[in-house]
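By letter and in written order, the chains are A, B, C and D; residue numbering begins at 1 in each of them.
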Amino acid sequence: MGLSYVERNKEDLLSRLKKIEGQIRGIQKMIEEDRYCVDILLQISATRAALQKVALSLLRSHTRGCVARAIRQNRGDEAIDELMQVLDQFTR
Amino acid sequence: MGLSYVERNKEDLLSRLKKIEGQIRGIQKMIEEDRYCVDILLQISATRAALQKVALSLLRSHTRGCVARAIRQNRGDEAIDELMQVLDQFTR
Amino acid sequence: MGLSYVERNKEDLLSRLKKIEGQIRGIQKMIEEDRYCVDILLQISATRAALQKVALSLLRSHTRGCVARAIRQNRGDEAIDELMQVLDQFTR
Amino acid sequence: MGLSYVERNKEDLLSRLKKIEGQIRGIQKMIEEDRYCVDILLQISATRAALQKVALSLLRSHTRGCVARAIRQNRGDEAIDELMQVLDQFTR
């Protein structure tokens, strides 16, 4: 089969996280330069949304990979419970 | 086989939604009685959290039921994509 | 002075909450009728968003009313701290 | 008078953002090392919460500073409307 779903997404995820790292540094710069709070807050909001997209992408590959495999091997309930615990964190 | 996962949760979900309906009416009463905004807001926050728990419970039963079935029948990708679209709504 | 900000919004807030109450009952009906989970989840998501709008409207009137009054009377810090505690609940 | 509220928080905010930057790099490393998805997701969730705390801290200093000043100068409504637009982003 070759690469896992996570593997396939790896490059994409790393490039997104690299961009998010840059956004975090940009926010630091905005604070150092005493930029207007509201502009900083909107930048934080954009960064949070970008991080959320990374999480959704990982959730998709995790569900397609680990969770689907567990279901096919009749040990799905545990994997789904674990998935729900993660979702509980993300949907607060 | 018997009841589906949703079926099993049905009574529990309905009783939770009945309680949430009561909370919504309680919030209306608080507004009619000019109660302190902050108290009303905290009540809205509690209701939102209760609604979120209903959603998580449905997500669990949907994943254990429909999604798991689709995966076992080798048509999992579509079901997982649909699940992710729902999650995208809930994790904003 | 006449009506407070909350007072002015009262009718609007009550009409929105009445609609949300109807949405909650609609969700109960969907569960009773074994409707597709994903459709129920999207309806919950819409209801959650409607509730969030009510909260934002209350936050606005609270800030314009109580918080602004406290700031003008030089006792703003306490009111702002309380506001932040509420926001902490809503931004999780 | 001296430092503004933002100014006072500056060092604290920058140190938190530095830590968040480290967390983002840590997530990249986890992905490179093919760590378990669920562990990565929990780390993303923790980072998101840390970012949210930075936002709340900025919201507090913005409200205590800019918004309070605007209210005292009888031009509060505009500042509060702008604040609500930011909150609308953060409470989704």
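In this section, a contact is a pair of C-beta atoms (placed from the backbone, for glycine too) under 8 Å apart; a residue touches a chain by one contact, two chains touch by 3 or more.
Each chain and its UniProt protein: A, B, C, D = DNA-binding FrmR family transcriptional regulator.
Since the model is a prediction, treat every value here as computed from it, not as a measurement.
Colleague: Which of these, B-C, A-D or A-B, makes the same contacts as C-D in over half of the contact pairs?
Modeller: A-B
Colleague: Can you compute the centre-to-centre distance for subunit A and subunit C, using the mean CA position of each chain? Integer Å is fine.
Modeller: So the centroids are 28 Å from each other.
Colleague: So, what's the distance in Å between the C-alpha centres of subunit D and subunit A?
Modeller: 18
Colleague: State, to the nearest whole Å, the distance from the C-alpha centre of subunit A to the C-alpha centre of subunit B.
Modeller: From the centre of subunit A to the centre of subunit B is 22 Å.
Colleague: Where in subunit B do residues touch two or more other chains at once?
Modeller: 52, 55, 59, 83, 90, 92 - these are the residues of subunit B that touch more than one other chain.
Colleague: Thinking of each chain as a vertex joined to the chains it touches, would you call that graph a line, ring, star, complete, or other?
Modeller: ring
Colleague: Provide the residue numbers of subunit A that touch subunit D in the complex, in ascending order.
Modeller: Within the complex, subunit A touches subunit D at residues 6-7, 10, 13-14, 17-18, 20-21, 24-25, 27-28, 31-32, 34, 37-38, 40-42, 44-45, 47-48, 51-52, 54-55, 58-59, 61-62, 65-66, 82-83, 86, 89-90.
Colleague: Considering the complex alone, what residue numbers of subunit A touch subunit B?
Modeller: 52, 55-56, 59-60, 63-64, 67-68, 71-72, 76-77, 80-81, 83-84, 87-88, 90-92
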